[in-house]
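Below: a set of structures, written as structure tokens.
Shared between the two complexes below is subunit A, which has subunit B as its partner in the first and subunit C in the second.
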Partner chain A sequence: MTAVTTPAAPTPVEQIDRRNPNDRLRHRILGRNPLGLLFSAPYLVFVVAVFASPVIYAVWIAFHDFFFAAPGADVSYPFVGFANFVYAFSNAQVIQSFGNVGVFLLINVPLTVVLSLLLAAALNRVIHLRVFLRISFYVPYITASVALVGVWLFLFGGDGLVNNLLGPLAPNPSWLVNQSLAMPVIAVYVTWKQLGFYILLYLAALQNVPRELYEQASTDGAGAVRQFWSVTVPGVRPATLLVLLVSTVTGANLFTEPYLLTGGGPNGASNTPVYLMYQLGVEQGLPDVASAIGIVLVIGVLIIAWLQNRFAGGRD
Partner chain B sequence: MTIQQAQEAAPAEGARTTSRPAGRRSKGWTRTQSVLRGVVLGIGAVAFLFPFYYMVIGSLQKKPNQTLSGLIPDPSNLTLDNFGAVNSRISLLSGLLNSGLFTGGVLLCTLVFGVLVGYALAVLEWRGRGVTFAIVLLVQVIPFQLLQIPLYVLVARNYGLADNVLGMILPFAINSTAVILFRQYFLQVPRELFEAARIDGARELRLLWSVAIPLVRPALVTGVLLTFIGPWNEFLWPFLITKQADRQPLAVSLANYITSVASSTANPFGAVTAGALVLAVPVVVLFIVFQRYFVSSDLGSGVKG
Partner chain C sequence: MHHPRRARSIGAAVVAAALAVGLSACGQGGAANPSLTSKGPITIWYSNNEQEVAWGKQMVAAWNRDHPDEKVTAQEIPAGRTSESVISAAITAGNAPCLVLNTAPFAAGQFEKQGGLVDLSKFPDGNSYIEGRSGDLAKQYRSSVDGDYYQLPWKSNPVVIFYNKKVFAKAGIDTKDPGLGTYAGFLAAARKVVKTGAAKVAIQPAPTSEFFQMDTDFYPLYVAASGGTPLVQDGKATFNDKTGDEVANFWRTLYREGLSSPEQYQGDAFADGYAAMAIVGPWAVSYYKDVDWGAVTVPTPNGTPADEIHTFSDAKNIGMYTACQHKGTAWDVLKFATSEDQDAKFLDTTGQMPIRPDLASTYRDYFAKHPQYELFGSLATRTVEVPAGPNTVQEMQTFRNAWTSSVIFGGKDPAQALDDAAATIDTLEQQP
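== the complex of A and B ==
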């Protein structure tokens, strides 16, 4: 992808600059096409309103005794240092929810990378039914999680299809109300739902692996498995890094699935930080504590992303 | 291992294996391989599609049958009543309408303002272009967890946009991935086209409208598809700011039905899957019809930048 390289626009500079000194000054300050700034203005305003200022506001809220007040009421929010963080992390539920996300990521991320690469590599060599297979792979990704959770809820319910199939082998208590199975089921569900997106990413990356490498490896006697390991896997490494990063960020955002599938239970076994942020921040009126949890979560994600970049990104 | 390293490593590996009769082994092996590939892809397709089949079957069952025999449609157990049952508790039509307004607003903003900024980033030369492009990339990695509480405070409390479609649209208004996609496509338009039009004295907006946009029409379709699934499927944000039932998009009202109403109804399985089907069908149909615009290379470039 040559996207990042900025193209040189061969505008005839002399023609414009010859007009009058005012124009020349304007061009020097704003560039040749100041209209560009005007065209981008709505987007920049949007970014400031929806991303930049809320991020700053989030940090401010986390360090102050913040509460919901009636609109227009004149209230003061005293600075409290790290009190919100201390309050949040002396709560066992909060610690547990971070552990739950850890379990989720340990199942979801490796499963996602392995399955999406395998399926993409297989799909890449297929000639028949290509369109059908591609659509069927990404259909869960484009469908609302609320709709799909509705189905999984019954598939994995106490007297659901899965338990009916397993018969005496069905876990007791059942999947979604089982302390040690609730989070793994959610992790498998999210892997299944998101896989199509990562398959598309890998398919794009596979187009960039030079064919000659396979031919060369083949004439050198490398079998399919060997080719996969020494040509495909290193060839798609940038995509693998992207899959790792995106699936980690998505996993840390987990809310809808535990909210609908398990209600965070049983006994908080599938509660997540974002779910707790909703409960504490919106339901219990403690936005300052919720904000503190959000900041710790984001710092955690940044550390994991940095480690992934460090160890999976390579030196190129 | 980089590609270069792989290139170097491959011959060394080959040296050890060339003594074997590679030709005969590989013929049988290729066959096994393609069978294996077919099996893997087949299992994948079944795993991905089965819950959709189950959704359809479930929504049509008069009496819920969650055993294995329930997978085969039984003519004596078919009904459309489940759609009525879920519709009597949450209005499917108003849910669809709210989802449509939410999604439509986001699409409109993304198409208008996203195309403008994409064009400015690709074609025009102005001070701040580099910084703006960096911002577009950066915005994609800001996690929503961090924004959730302050946005809720700002939009619902300070701006008073709770239960308002504008409040729903605001955080999603311009899809940054679509902006990158538009920029990518404008970059591919030959520069001479713009220069020729400029010498004719055409104004920039006209240039954009009558020269650039017709050339990147496929990108617009891809951008619409990519943007559509965001708001249509979004749950957390509209769930936070809409409390009035008649203002909720379908994803939110269906979720409320699942968590608080379904268990007290006669056939929760049928009602929930019926609601799920109504929520899922518009997107699935859209993606099947326009599937050729949702190809890997576009998406890859959109995400990778």
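== the complex of A and C ==
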């Protein structure tokens, strides 16, 4: 018997390298499937125009002495290095606002993950009133903040329902003018408002957890709590990472709730970097300083997101 | 070997750089200024206040009747978080109207820095018309940069104290002479109101941190107590003195004793009877139709007579914007809208005070017919404005932060907070 040896099939890289130099250059620039670029171009253009270009422009603004000027106005925007960053972070209010948003994230993100997962798991098992309950949790998410804030002011105002129920146990100063409680109240409010969206994410993820795993766990004697920890939690880990990332990003951009509920007070205790960016960039004519704060915020959020991906994302 | 990913990264960087350059160029390009004499159709914006809209419509109709070739198209200022943010955006976009009949003095310096406002002093009769109409009152609206007028002083809303007569009667306070002229008298009345339960609080200015809230607590009282001293004079903050400290301590007492609340009231505290008093302008006459109110000037340490006292102006002015193609027409419309005849119509329709030094005598008949506006008419000749520089909003926010942290929430010593704010404002005054 004669052994027949056939040459090994060329790898894609070898195939490319055998082409003429023009093909190789085109491949390097356009990739292996140039048509894919064409299909993704509309969305890429959208992302560049709507998201990327403002970020790039903001970076440029942050390093220049910049203000918004009329077309034709005789103004110059000299490069100032890190001066805007120094100016921004010499302001105690800016430091305080980052601390405030840190407190917010510490309360809001874990609460969001835990509550939305628990409620989604519960809703997944509910048979009666399933649609009604799902809609009930989703309604706050799609309701305008202005309307909901009115309800929360009614609840947590000095003469509000909560204080009336608490009677002598009501905090003094009251919730929204209490420097220790204002931000936690906002964090709880935002958690409640956004919960419906995250429950939906988890409900979708739960549909992908194989039923057999629960059956096998049950056969092995695992109770409901054990099944939740050993089957549900690992089964929805990609969704947990998504919830962590989205709630962190939206939380770091907190603006509407302090703006409407507390005006950033009392005494700056619920001020956030984005609210300060609005005050500085829009009201006070300092878009360069506001951009510097924005850049630091983006970097901070990217670091947190990387850490979340590193420690909660697993290897899959 | 050239790495494909790197090639794509370089391509992306080139596109990004091109975008950045293109976008930055957007802010600097544009056509040259047309001349100040050009005539033709123009657009103007006015406030969305119901009475001002009514006056604006008749003014525009009257102009258009006689000037078919220089038609004015008017609209309310487009909705936004604030009128000033909308106007600032329009300046940057190059599509601001020719005139905005609601330009806030605190924003005028910023608009001027943006290159958005036309220097009205450059019109041959610019200074003479403005100072002829408004006299010495006009001078506080000159630019702190070059001394020119970039806004025409238009109308003021002199600030006074309104008190609810029914609440005062319930508290056992004389409703004809409530004795609110001095700090001691005011505090005594406030204590009676709260102690008797006639109202939850005595007075409730917004305790929130927006920069302009100083206009309804500190500033009117400071202007009155200091004999008409503005927040900043000759490039230096003025308020960190005995007068400023007295005003701060007066308000601190109100908050400390629960006569005012540090929590924002949801609704209209005065109309709802939650507060017995309010700091208001002449707009309040028609607004509080359902309240039996009385009006007095703001308190001072020793009770300054009403015919000598100064107050905060709460003015709104008219700005001409550089995007205007027909500035000649805009200037003529501006003069028409602030003529003696149109000012009479404005006063009659809105109850707001045209900035004229001889207001009471010029419109004697109006004040005789509407005695509830008489106090405002008298005060309109002794009004004080916020600073007119490019950093006014920053300065006001600096002050407000110091005020909320010390006077409203009591975390800091008020005198120290005012000293700190004054030092920062002095620095801001030196910045372009």
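Operating definition for what follows: the second predicted complex is superposed on the first by the 268 of 316 C-alpha atoms of A that agree within 3 Å, B and C clash if a C-alpha of one lies under 4 Å from a C-alpha of the other, contacts with A are read in each partner's own complex, and residues count from 1 in each chain.
The definition used in the following text is that a contact is a pair of C-beta atoms (placed from the backbone, for glycine too) under 8 Å apart; a residue touches a chain by one contact, two chains touch by 3 or more.
Since the model is a prediction, treat every value here as computed from it, not as a measurement.
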Exercise for review: Put subunit B and subunit C onto subunit A via the superposition and say whether they clash or fit.
Suggested key: clash
Review point. When the two structures are overlaid on chain A, which partner does A:Phe68 contact: first (subunit B), second (subunit C), both, or neither?
Key: both
Check your understanding: Residues of subunit A touched: more by subunit B or subunit C?
Key -> B
Review point. Of the partners subunit B and subunit C, which touch A:Asn267 in the superposed model: first, second, both, neither?
Key: second
Check your understanding: Which of the two partners, first being subunit B and second being subunit C, lies in contact with A:Gly31: first, second, both, or neither?
Key -> both
Exercise for review: Considering only touches as defined above, state whether A:Gln93 meets subunit B (first), subunit C (second), both or neither.
Suggested key: second
Check your understanding: Looking at the overlay, what does A:Glu283 touch: subunit B (first), subunit C (second), both, or neither?
Key -> second
Exercise for review: Name the contact category of A:Gly300: first (subunit B only), second (subunit C only), both, or neither.
Suggested key: neither
Check your understanding: First (subunit B), second (subunit C), both or neither: which does A:Tyr57 touch?
Key -> both
Check your understanding: So, does A:Pro210 touch the first partner subunit B, the second partner subunit C, both, or neither?
Key -> first
Exercise for review: Report for A:Pro171: first if it touches subunit B alone, second if subunit C alone, otherwise both or neither.
Suggested key: neither
Revision key, fill the gap. So the subunit A residues that subunit B and subunit C both touch are 29, 31, 53, 57, 68, 71, 150, 153-154, 157, 263, 282
**Study point:** subunit C partner contacts - residues on subunit A that touch it in the complex
**Key:** 27-29, 31, 48, 52-53, 56-57, 60, 67-75, 77, 93, 150, 153-154, 157-158, 173-174, 176-177, 179, 263-268, 279, 282-286
**Study point:** Touching residues (chain side subunit A, partner subunit B) in the complex
**Key:** 1, 3-4, 6-7, 9-11, 29-37, 39-40, 42-44, 46-47, 49-51, 53-55, 57-58, 61, 68, 71, 118-119, 122-123, 125-126, 131-140, 142-155, 157, 159-161, 164-165, 192, 195-197, 200-201, 203-205, 207, 209-210, 213, 216-217, 219-224, 226, 230-231, 233-235, 237-239, 242, 246, 249, 252-253, 255-256, 259-260, 263, 273-274, 277-278, 281-282, 287, 290-291, 294-295, 297-298, 301, 314, 316
Check your understanding: Once bound in the complex, which stretches of subunit C touch subunit A?
Key -> 2-4, 7-8, 11, 15-16, 19-20, 23-24, 26-33, 81-82, 84-85, 88-89, 91-92, 94, 96, 110, 113-116, 207-211, 261-264, 266, 322-323, 390-391, 393-394, 397, 401, 404-405, 408-409, 411
Point to revise | Residues of subunit B defined as touching subunit A within the complex | key: 1-3, 5-7, 9-11, 13-15, 17-18, 20, 22, 26, 29, 33-34, 37, 40-41, 44-45, 47-49, 51-52, 54-55, 58, 66-68, 70-71, 113-114, 116-117, 119-130, 132, 135-136, 139, 141-154, 157-158, 160, 170-171, 173-174, 179-180, 183-184, 187, 191, 195, 204, 229, 232-233, 235-236, 240, 251-252, 254-255, 258-259, 269, 272-273, 275-277, 279-280, 283-284, 287-288, 291, 294, 296-297, 299-301, 303-305
